[in-house]
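Read from first to last, the chains carry the letters A, B, C and D; within each, the first residue is number 1.
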Amino acid sequence: MIKAAIAGGTGYTAGELLRILLNHKDVTVTAVFSTSSAGKYVYSVHKDLLGDTDLKFTGEIGNPNVIFLCLGHGVSKEFLGKHKLPEKCKIIDLGNDFRLDSDFEGKHFTYGLTDVYLHEIEGSDYIANPGCFATAIQSGLAPIAKAGLLKDEIHVTAITGSTGAGKRLGETSHFSYRDNNISVYKPFTHQHLGEIRKTLRDISGEEPPQINFVPMRGDFARGIFASIYTKWNCCKNDEQALENARGLFNEFYKDSPFTFVSDDPISMKQVVNTNKVLLHLEIHQGYLHITSAIDNLVKGACGQAVENMNIIFGLDRTEGLKFKPSAF
Amino acid sequence: MIKAAIAGGTGYTAGELLRILLNHKDVTVTAVFSTSSAGKYVYSVHKDLLGDTDLKFTGEIGNPNVIFLCLGHGVSKEFLGKHKLPEKCKIIDLGNDFRLDSDFEGKHFTYGLTDVYLHEIEGSDYIANPGCFATAIQSGLAPIAKAGLLKDEIHVTAITGSTGAGKRLGETSHFSYRDNNISVYKPFTHQHLGEIRKTLRDISGEEPPQINFVPMRGDFARGIFASIYTKWNCCKNDEQALENARGLFNEFYKDSPFTFVSDDPISMKQVVNTNKVLLHLEIHQGYLHITSAIDNLVKGACGQAVENMNIIFGLDRTEGLKFKPSAF
Amino acid sequence: MIKAAIAGGTGYTAGELLRILLNHKDVTVTAVFSTSSAGKYVYSVHKDLLGDTDLKFTGEIGNPNVIFLCLGHGVSKEFLGKHKLPEKCKIIDLGNDFRLDSDFEGKHFTYGLTDVYLHEIEGSDYIANPGCFATAIQSGLAPIAKAGLLKDEIHVTAITGSTGAGKRLGETSHFSYRDNNISVYKPFTHQHLGEIRKTLRDISGEEPPQINFVPMRGDFARGIFASIYTKWNCCKNDEQALENARGLFNEFYKDSPFTFVSDDPISMKQVVNTNKVLLHLEIHQGYLHITSAIDNLVKGACGQAVENMNIIFGLDRTEGLKFKPSAF
Amino acid sequence: MIKAAIAGGTGYTAGELLRILLNHKDVTVTAVFSTSSAGKYVYSVHKDLLGDTDLKFTGEIGNPNVIFLCLGHGVSKEFLGKHKLPEKCKIIDLGNDFRLDSDFEGKHFTYGLTDVYLHEIEGSDYIANPGCFATAIQSGLAPIAKAGLLKDEIHVTAITGSTGAGKRLGETSHFSYRDNNISVYKPFTHQHLGEIRKTLRDISGEEPPQINFVPMRGDFARGIFASIYTKWNCCKNDEQALENARGLFNEFYKDSPFTFVSDDPISMKQVVNTNKVLLHLEIHQGYLHITSAIDNLVKGACGQAVENMNIIFGLDRTEGLKFKPSAF
C-alpha cells in the first residue's frame, strides 16, 4: 500500500486527487495537509466526498511514500524549503515550479507528460506534472515533432473550463460574468508556452517554430478543447496527407492506454471526467487541423499525476484511472 | 427633462438603471455617484455601456430631480443621513430599508409595487421599490388577496438567477460551483416574506395565511421563476375553478401594461430582459397552481423603479420600458 | 463472470449502463441489442466510449445471465413478448412497465429501490428499476413512512436535468430554449407519483397522504434536486424536532452504502456522476424540510440498476459503483 | 409609416425581427407570412411576444413597403419566384441567396454590411443582409483591407451561440449534447468565407490572402465571439504598431453608431442583445490580434436588417435600434 500525502489540501486539485486516490486500490491517503483547515473534515471543504471518507485536514505531513504538491504556482519551492520530507518520499508537483527549472536542491524533476516521457518517468522519484493547456496542446503536436515535421508556425486556440483558474474568486470566475460568455486572456503569452516548446525541442531535437496560442475562458466548469493547425505539405493530395498524418498519430499513441485518435469529429464532453486525450485530424488548404480534448482536472492535472505515481511505483499505468465518463 | 442621479453607482442595479435611463427620452442622468470610483468612466465598470455614454462616476450628487438609491440593503438610511439632497428631490430606494419601515425623518415611502399601489404612487415623492422575489410572488397572489380568497396556506418555490445576489464574490456565486448546479437557501425564512405579507394584508384587510417559501439558486444569470399554490375550493369542477381564477386575474391586471396571464404554460426566458410579469394558472387536486416569471433586474428591480419614476412624474407608465426581449 | 445484455442499446440509459458495466470486474457485456444500429460500433453512438470498447450493436440477444431493458416506457412488455430470453436470465427493467403492474406472464418484478427493498431484491430474478424522480423523492420520505409519521400532505418541487427526458429531440430539449431557462411540466400529475405512493403504502401499511409534486425542467444535463416538506409536530421545540428527524433518517440509512444525511445544506453537484443519495434536513415553522439530490442517470437509473444486479447475483452491493464524482 | 411584411414568420430571425419592429416608431408590421401557421397568433410561436402584439400569422403578403425574407438559406429565390410582390416593395433578404449572386431577375441586391457599404445601401431597393459570422469577421478586417495592409494569411477562430443554427432540432442543438460542451464544425470551409472574401476584395481592390477560419459551437444561445490575427509588420515597436492599428480602426469606424474599439479586452456579453460590434486590438509577436463580438441575431441578422431598412428609407440609421443590453 502506497502512503500518499497531499499538500495544499483545500484547493481544486487536492479535491480531485482525493476523488481519485480514495478509490485507488494500492493507495492510502495518510495526510491531507492544510495549516488553515487542520482538524476539519475533508468533506467540509470537498463536499462531494461526504460519505466517502472521514479523513480530516492535518498540519502534519507524516511519513508518506509520495507527496502530491497542490500548491499555488510558485509555492512548491517554498514548501519544500520549509518542510523536511522523509527520505525516499517521492514528489509529484502539480504546480509549475519544476517544469522548466527541473533541478532543485539535488533533486531532478522529470516532466510527467506520460505519453512522451514514459521511460524517463519510470526511473524518477520527482515529477513535474504538466499544465492542463500544455497537455492538450502537446498531445496534438508530439507525433508531428517526433516525425521531424514541425517546421512551420503553429496556430492554437484553446478554451478552458473555469476550474482551470482554481478556487480563487475573481471577476472572471463570477457566475454572472461567465455564464453564457466567452473571452480571451493572455493571447500569445500564456505561461504554458514554455513547457510546450521545451517538450517539442526535446522530441524533435530542434528549436520548434513560433506557436501562436490564444487561450479562451469557456462557460463550462470542466474541460479543455484545443484547435491546432500547422502547414502539412507532405503529399500529393488531401487524402494521402490525412492518411499520412493519421499514421503518425496512431503509431505514436499505439501503446497509450488513454490517448485515442477519432475518425469522427470530437466534442469536449466525450472526455470529461476521464483521463483520456481525444484527438481528431483533418486536412484543409494545406494545413493539418488537429482538435484535442481533455478534462483539465483529470488528464490536465490529477489523473496524469496519479498516472505518474503508478508508473514510478511500478503499477499498471491505468490503475485507479478507469473512470466512468460523465458524457453529459 | 428629468435630472436623475444614481447612488451606489458601481453595483448591478446601478448598471441596469443606466441601461434603461440612457435610452429614456425624458431623463438625463446627471450623476452616477460612487466615492470609490469617482473620476472613472462609467463604462470601465459597466462594460456593456462602452459607446453608449461618456459619463464618469462622480463624488457629487449635484441637483437632481430624482435619486435612485442602489446601495446595499440597510445602507440607504445611512446614505440619507450623510448626504443632504436638494429639496423636492424625489427618492426611489431599490434597497429594503423602507419597505416595511415606511417612515423616515418626515418622509413617507410608498411601496412601489406598481400593479397594486398605482394610485398611492401617483401622489408620492418617495418610493420603496419592491424586492425581486417579492414582485414575482406578490404578482401571483395579489388578485386572490383582492378577492378575499387567500384563506389557506401558500406554498412557494422560486428560483433566482445569480445577479439577484449582486456583484459580491462568494462561494455560491463562483462559476465552478454554480454552473449546472441547484441549491436551496434561506428556506422558510427569506427576508422578502415581510413585504409580501404586508402587501397581502393591505389588499385583503386581513392577516394572510402562512407562506412556505423555498428560494433556490438557479444556474442562470437573469430571471426569477416562481411556482405557487394554495387551496382553491370555489367551484363544482376544475374547469369552472380555472375559469373563476382566470377571471379574477384578468380583471385585476386588465389595465396593467406589463402583467399578462398566459393560457399556455410559461417558461422563464419569455420575460428575460423585459419589464413584464407573466403568469399561468392551472387547477389540480383542489389547488390553484400559479407560475410567475419576471426578470429579476428589470421588473424585479430597475424596470419597476423607472416605472415608479414615470408614474410620480406624470409620464406614461411604460415610457422607456418597452425593451426588446432577449428571448434566448 | 456475469454475461450481461442490454436491450435498447442506443438510448441514454444504455450508454450509461455501458459506462458502468465496462468497468465492472464481474461483468462481461455480451450484447448491446439494437436492431436499427446492428453492426455499428457502440462508440459511434455513445461517443465517449471510443477507446473503451470495440463492441458493436447486435441484433441477437445471445445467452446472457441478465438483460437490462433500456426501452422506452411501455415498450418492455412488447419486447418480452417478442423475444424469448434464455431460461434463468434475470431481467432488470429500467422502464416503468412493471413498477406498478409487477406481475407479467408468470414473472414477478420486485421494485428495485435498494434502500427499501434490499431483502426482497436478494431473492428476485426480475427487477422493476425505480424512476429517477421517484428515487429522489422516496429517499426523502421512506424514513418518515417507516416511523409511521407520514400523516400530513407532502409538498415536493423537484428539478431534473435534460437527460431525464432522453435522447428524443423536442422543443423543450432544444439548447436555444433550455439554456438559462426554467419551466414547470406535469404539475401534480407526474407519472412517478404512482410508484412513490405504492412504496410509501408498503412501508407504512397505510394510505399515504396527498403528495403535491411540481416537477421542473432545469438547465443542466445531469442531476435531480428535490425540495420536500411535510408537517412535523413531534416535539417541544425545533431543535428536538430536528434531532428526532435526523435520528430516524440516520437509523434508516445506517447500512446504506450510498445514502447519506448531510448536516450542512447540500447542492446538487455534490452527487453528480455518483450513485449517492444526499439528504439534508431542517425544521421551519412546524415543517420538516428535506432536500434530496441524486444523479438521475446513475442512482436514478443505471447505477441503481447495477446495484440491483449486484444484489441478486450475491455480489457486494457497491461493486463497480464507486465512481469518481465529477463535483464540478 | 413603413408597412413591413416578414416571410418565413415562424423561424428565429422572424421572431427577432418582430421583437425589433414592434417597437420601431416608423414601422407597422402588416404581415407575418407563414403558410403552415396561418391563422395562429404570432405569440403562440414567439412566446415572449405575448402581451406585445395580437398579430396573427397570415397566408397573404398584402401590400407592404418592405418585405424581410427570413427563409432558409437557398429558399429566397424560390419564394420570389412564387410570390409577386407589389411594385416598389423593397426586399431585405436575411438568407444567403443574394450575397454572392447579387443579381436576380432584374433586381440588384446590395450587400448590407452597413459600416462598409453605407452609400451603396442608401440608393438600394434590394439588400442581401450579411451572415452572422461574416459580420463579426469582416468588422475586424475591413479597416485593414481599406488601408491596403491585408497582405498575409488571416487566422480566425469564432464561436457561435446555438441560435445561429436556427430552430431546427438536431443532435448538436440538443441541450444534453451542447450544455457545457464545445466542438468545431466546418473548419476551413464555412460558407461565409465567400462573402467575407468578396467584401475584402471590394474594399482593397485586390485578392485577399488565405483565410483560415475555424468555427466553433458554443454552449450559449446568443452571440458570436471571434479571435482574428494576421501579420502586422508596420512599425518599429509593438507600441507604435498598436497605435497605428488603433488609428486605422478608429478612423474607419469614426462615423459608425454601432461599432466601437475598446481599449480594454472585451467579453462577448458586452454586446448581447445590442446592435453593436465591439472590437479590441493587441499586438503580439508580429501579429495584430483582433477580438470581435456581436449578437448573432441582432447585428448578425435582424438588427443589421433593420439598420438597412432605416438607411434605404432615409431614416436615422439607429432608429429603433438602441436596445437595452442584457449584459448578464
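Just so we're on the same page, contacts are C-beta pairs under 8 Å (C-beta built on N, C-alpha and C of every residue); 3 or more make two chains touch, one makes a residue touch a chain.
Just so it is clear, the structure is predicted and the values come from calculations on it, not from any experiment.
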item	value
Pair sharing more residue contacts (C-beta pairs) when A-B is set against B-D	B-D
Chain whose average C-alpha position is farthest from subunit B's own	A
For subunit B paired with subunit C, centre-to-centre distance based on mean C-alpha positions, whole Å	39
Approximate Å spacing (C-alpha centroids) for the pair subunit B, subunit D	34
Distance between chain centroids, defined by C-alpha means - subunit A, subunit B (Å)	46
Contacts with 2+ other chains: residues of subunit D	12, 161-163, 176-177, 179-180, 219-222, 266-267, 269, 272, 328
Subunit B - residues contacting subunit D, complex	12, 15-16, 19-20, 23, 44, 46-51, 161-163, 179-180, 221-222, 258, 260, 262, 264, 266-267, 269-274, 276, 278, 297, 322-328
Contact set on subunit D toward subunit C in their complex	12, 161-163, 167, 169-170, 173-180, 219-221
Residue ranges of subunit A in contact with subunit D within the complex	155, 157, 159, 161, 176-177, 179-185, 187-189, 210, 212, 214, 216, 218-223, 225, 227, 229, 265-269, 272, 282, 284-285, 287, 289, 291, 328
